[in-house]
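For reference, the structure is listed below as structure tokens.
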Amino acid sequence: TDLEESQCTGLIAPVFTPFNDDEQRTLNLDIIPEYAQYLVDAEITGVLINGTTGEGTLMTTKERKMVTEVWTQICSQTHQHLMVQVGGASLPDVIDLAQHAEQKGANSILCLPELYHKPQTVDDLIRYLQIVGRAAPNTPLFYYHIPSFTNVNINMGMLFNQVGDKIPTFKGIKFTSTLLDEGVAAVKAQDRKFTVFLGADTIMAGAYTLGFDSAIATTLNIFPEHGQRILQCIKEGNITDAQSIQDELNAAIEAITKNGTWVPTMKVAMNLLSPLNLGPTREPLKPLTKDNVLEMKNELVKLGFIQ
Amino acid sequence: TDLEESQCTGLIAPVFTPFNDDEQRTLNLDIIPEYAQYLVDAEITGVLINGTTGEGTLMTTKERKMVTEVWTQICSQTHQHLMVQVGGASLPDVIDLAQHAEQKGANSILCLPELYHKPQTVDDLIRYLQIVGRAAPNTPLFYYHIPSFTNVNINMGMLFNQVGDKIPTFKGIKFTSTLLDEGVAAVKAQDRKFTVFLGADTIMAGAYTLGFDSAIATTLNIFPEHGQRILQCIKEGNITDAQSIQDELNAAIEAITKNGTWVPTMKVAMNLLSPLNLGPTREPLKPLTKDNVLEMKNELVKLGFIQ
Amino acid sequence: TDLEESQCTGLIAPVFTPFNDDEQRTLNLDIIPEYAQYLVDAEITGVLINGTTGEGTLMTTKERKMVTEVWTQICSQTHQHLMVQVGGASLPDVIDLAQHAEQKGANSILCLPELYHKPQTVDDLIRYLQIVGRAAPNTPLFYYHIPSFTNVNINMGMLFNQVGDKIPTFKGIKFTSTLLDEGVAAVKAQDRKFTVFLGADTIMAGAYTLGFDSAIATTLNIFPEHGQRILQCIKEGNITDAQSIQDELNAAIEAITKNGTWVPTMKVAMNLLSPLNLGPTREPLKPLTKDNVLEMKNELVKLGFIQ
Amino acid sequence: TDLEESQCTGLIAPVFTPFNDDEQRTLNLDIIPEYAQYLVDAEITGVLINGTTGEGTLMTTKERKMVTEVWTQICSQTHQHLMVQVGGASLPDVIDLAQHAEQKGANSILCLPELYHKPQTVDDLIRYLQIVGRAAPNTPLFYYHIPSFTNVNINMGMLFNQVGDKIPTFKGIKFTSTLLDEGVAAVKAQDRKFTVFLGADTIMAGAYTLGFDSAIATTLNIFPEHGQRILQCIKEGNITDAQSIQDELNAAIEAITKNGTWVPTMKVAMNLLSPLNLGPTREPLKPLTKDNVLEMKNELVKLGFIQ
């Protein structure tokens, strides 16, 4: 891989992991080719696996590797950019997953911070990412900033200003936060040296206006056209349309998420609104009740997303 | 005052309170007419007094009334909208200040939450605002959401959805937070019934794109043209210019605030960059060292804000 | 006052402020002599006024001074130690209250941190206390550590280790927190140079065992014998009794506080269980419903506190 | 195992996991028999493995099982109570570890909450513990409350009051917090039905006075006599000695922990003060510098812990 050439920017769909509706929620790997084709048809050129949407931290290392192997094989054909989330496990497992991802040909890796012995300082975080980076020395590395899940609140502009060349493969972050001032400062830091993927579906139009040009957003699975059109409208200075598409998307998100937490409600919505059946979520994510599913469906009909 | 007619929207400058450079930091009321004219010349049509920038919580009730009296008199001539911040004191004092503001002809009042016995729920907050509203029954009332100072984190969309007609004068909020998803949800709530003033200088372009149309931002004192042009550019779909003006403003903000906390650095910058001398800040705000002031000046020269 | 001689240790009752049951909740100063005598009869030798229990931050400066004047006069006769809480207002008012307390003969002052422009570092806090200390240069000064209300979380051991002789009148703190490791470290710091008043009613027996010897606790108003006996038992090594008295007290506290927040429920309990009628609390404290009062009464009957 | 008979109370040492000083920090299982004998000689009758002190979350599932297998075998001979921490990994791994612990004969299991999809409510936590409990239906289950690491702040008294018989094997918690009021309420809840192991070394004397009778504390490895004597002194009403032993222990803890974070400094201290060499800690725990180790040694000499 030539790091200089790898284009790690743009819109990436953080994919769901398909499970069977059995007691163990076993992997349904067979549906992945169809899922990849669905995204290709929707002009989604990048895929993140084993992230939050993909329930990566709810799978064993072995399962995460199986998912990686299927997606690397498919993406070598679809030419989609494949990013693999390797963090959220014990460090020996994280190293193992990073090595595996590189060996299988992932285009980039994304890594959560240590969840238990959390980094307290920028230096702590850099030390951790150095270890992960050394395990996959030829693969661009991104840090996964998602303080609402990790309670790690290290300022991302400070990370960019202090990382220097300490981590040769470090290319940027997934910024899953709605604190836009911190996000914008990160985008602009070091002459825009690093890529900052926005992970906040409801404020994309504002973030793009402030200089963001990349996103990894769950709704790119379910409403791929919305996310793409918002970015396009902002590029064209069409704020009226950008805002109305964002409003439409936000109404859908509210209709979906009022029925439970993010991942389970989004997975139900994906099953309702796409031709795919990606199955249930795993414990301890709380599954929706039948009433919740029905209410979501009714609201999505009302909003015109379901005929 | 006819509530229906009062236009409480647009760009408002939260003014500094001028103090003399004596031991008590006594009020320098004499300079206020000149200050008002400076803002009129800069096309700033609204003024907030006794807010955070105005060190309202660092003054006695008597002093806050004196400031109110001078500004109400001047604004009756300049026809600027005058908003008075009445909170951040004991509730009897808050009631007294609200009555006084209405009696002197303030166009609207803004109110912090109780700082010690903080509201824990939306209901607690509504009860508090009802009491304040009853003290000024003919004056539009705004709630001052600024969790970084108050540690009151009540969701503003929920406030709008639950307030109903419980507070007849309630018209909206000052949203001093960079959590833009919460801000946008508030803007859109109840069919945009309420005004949401943005209080976050570095992300204005993004907020306007997402539907904000009003702001109360310290830098409207120092760089009034920047804030106004960003809003204008977004209205016109000129994102390129909006972004570059926002970038220029953010560079200035960084040069200023790296030398101390928000209010003292901004007051020094105002004294450096405007023709006015508004004096020092009060304790316990930490005054800048001479070195800090020099460094700020040098950076502002480098950025072209000082010749 | 000779600072060397003033004994600022032991058990102090943070008294309620008596209000009339009128719309303004006006001060009922007339009942204070009777209240003081009630405490004398209960062998309570120290009194804190205008604290949290005393709704100090819900009164105007003028009212706080009136309360101070009545209590200083009475305590000059009862020889109770009088501590006056002067913080939680604008700094000019805090300075005024500190000067007034000294002038009227208070034995010590207690001071909250600035509530809006909160101290971020130990140095910030020391600077604030220096200002307050200079306003009352002959009166022992205590800092009021109560992070659940102030969100100021500065470590108290660090304050003691860094304060040196920067504040000549500084004598210690009221530690209203249940983080006992921090409390014990403060007690032991600098060879026990400073007094640490415990402000946590339910863990007194444990704190005394770890080295605390002083407390300012609301329940010393209502159950003065319990607090005194727990301290006595620990001094005598009678852990069995200390624990059972603490258990009894904790059962009462639970019966009381399950019906609302701390101050309103405690004031209702005081009115139920003592011969005094100290009236209602002020807004925005939420008054108890009649059902809450009845339930509290029934539980206190069941526990044997009411015949 | 007969649940009724298993005595899960008293003092338990949370053991370090011995690693070799090689690059991978491989397991040094050979030293474990010697370690167990050291604890037996110190009259420590219970052992917790794979906890925080044991770096459990920094090991793979396979390594955690290897450690479990060695200790179960040894404890079957030493008759020490063996508690195995099975949480802090993906739920499939947690289930696997719980099954394995039961199968190998662990006397009890301890479980962290899910670290990424954290429980938000008592119900969420109960659902999680039900799943873990079903995986080891014949082994007493304890919940590991350690909010400073997990950011899960569910009130433990509420857990006890709501759990009912929903988790047949649930027996109590490890309470690693210094909020003693919450701890005491948990100890007393439901007529002391549940065991609450204190996980706070510096306040043991206070906690025992308030009714705690059990602890799992790192310093039971290094200073086993101190922890045991504090409990004994409190049982005998000898508060003077309890306090002076606690003071001595706290001085040692301060001398140790001022040189880094808890686990790395404690492991260094264990290597310095015991006859065992348990090796280094794993990344991302930050190892101590040589200067830190020297300073710790010097202070421990000064305090008389090293001749």
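Every chain is named by a letter (A, B, C and D) in the order it is written, and numbering of its residues begins at 1.
Throughout what follows, contacts are C-beta pairs under 8 Å (C-beta built on N, C-alpha and C of every residue); 3 or more make two chains touch, one makes a residue touch a chain.
Here the structure is a predicted model, which is why all the values come from computation and not from measurement.
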Min route length, chain touch network, chain B to chain D, equals 2
Taking shared numbers over all numbers used, above half giving same and below half different, the chain A and chain B interface sides are same
Rounded to the nearest Å, the gap separating the Cα centres of chain A and chain C is 51
In whole angstrom, the CA-centroid distance of chain B from chain C equals 36
Every touching pair of chains is listed here as A-B, A-D, B-C, C-D
Listed in rising order, chain D residues that touch chain A in their complex are 24, 52, 57-61, 63, 88-93, 112, 114-119, 124, 127-128, 131, 149-151, 263, 282-286
In the complex, the residues of chain A that touch chain B are 178-182, 184-185, 188, 200, 202-203, 205-211, 234, 237-240, 242-243, 246-247, 250
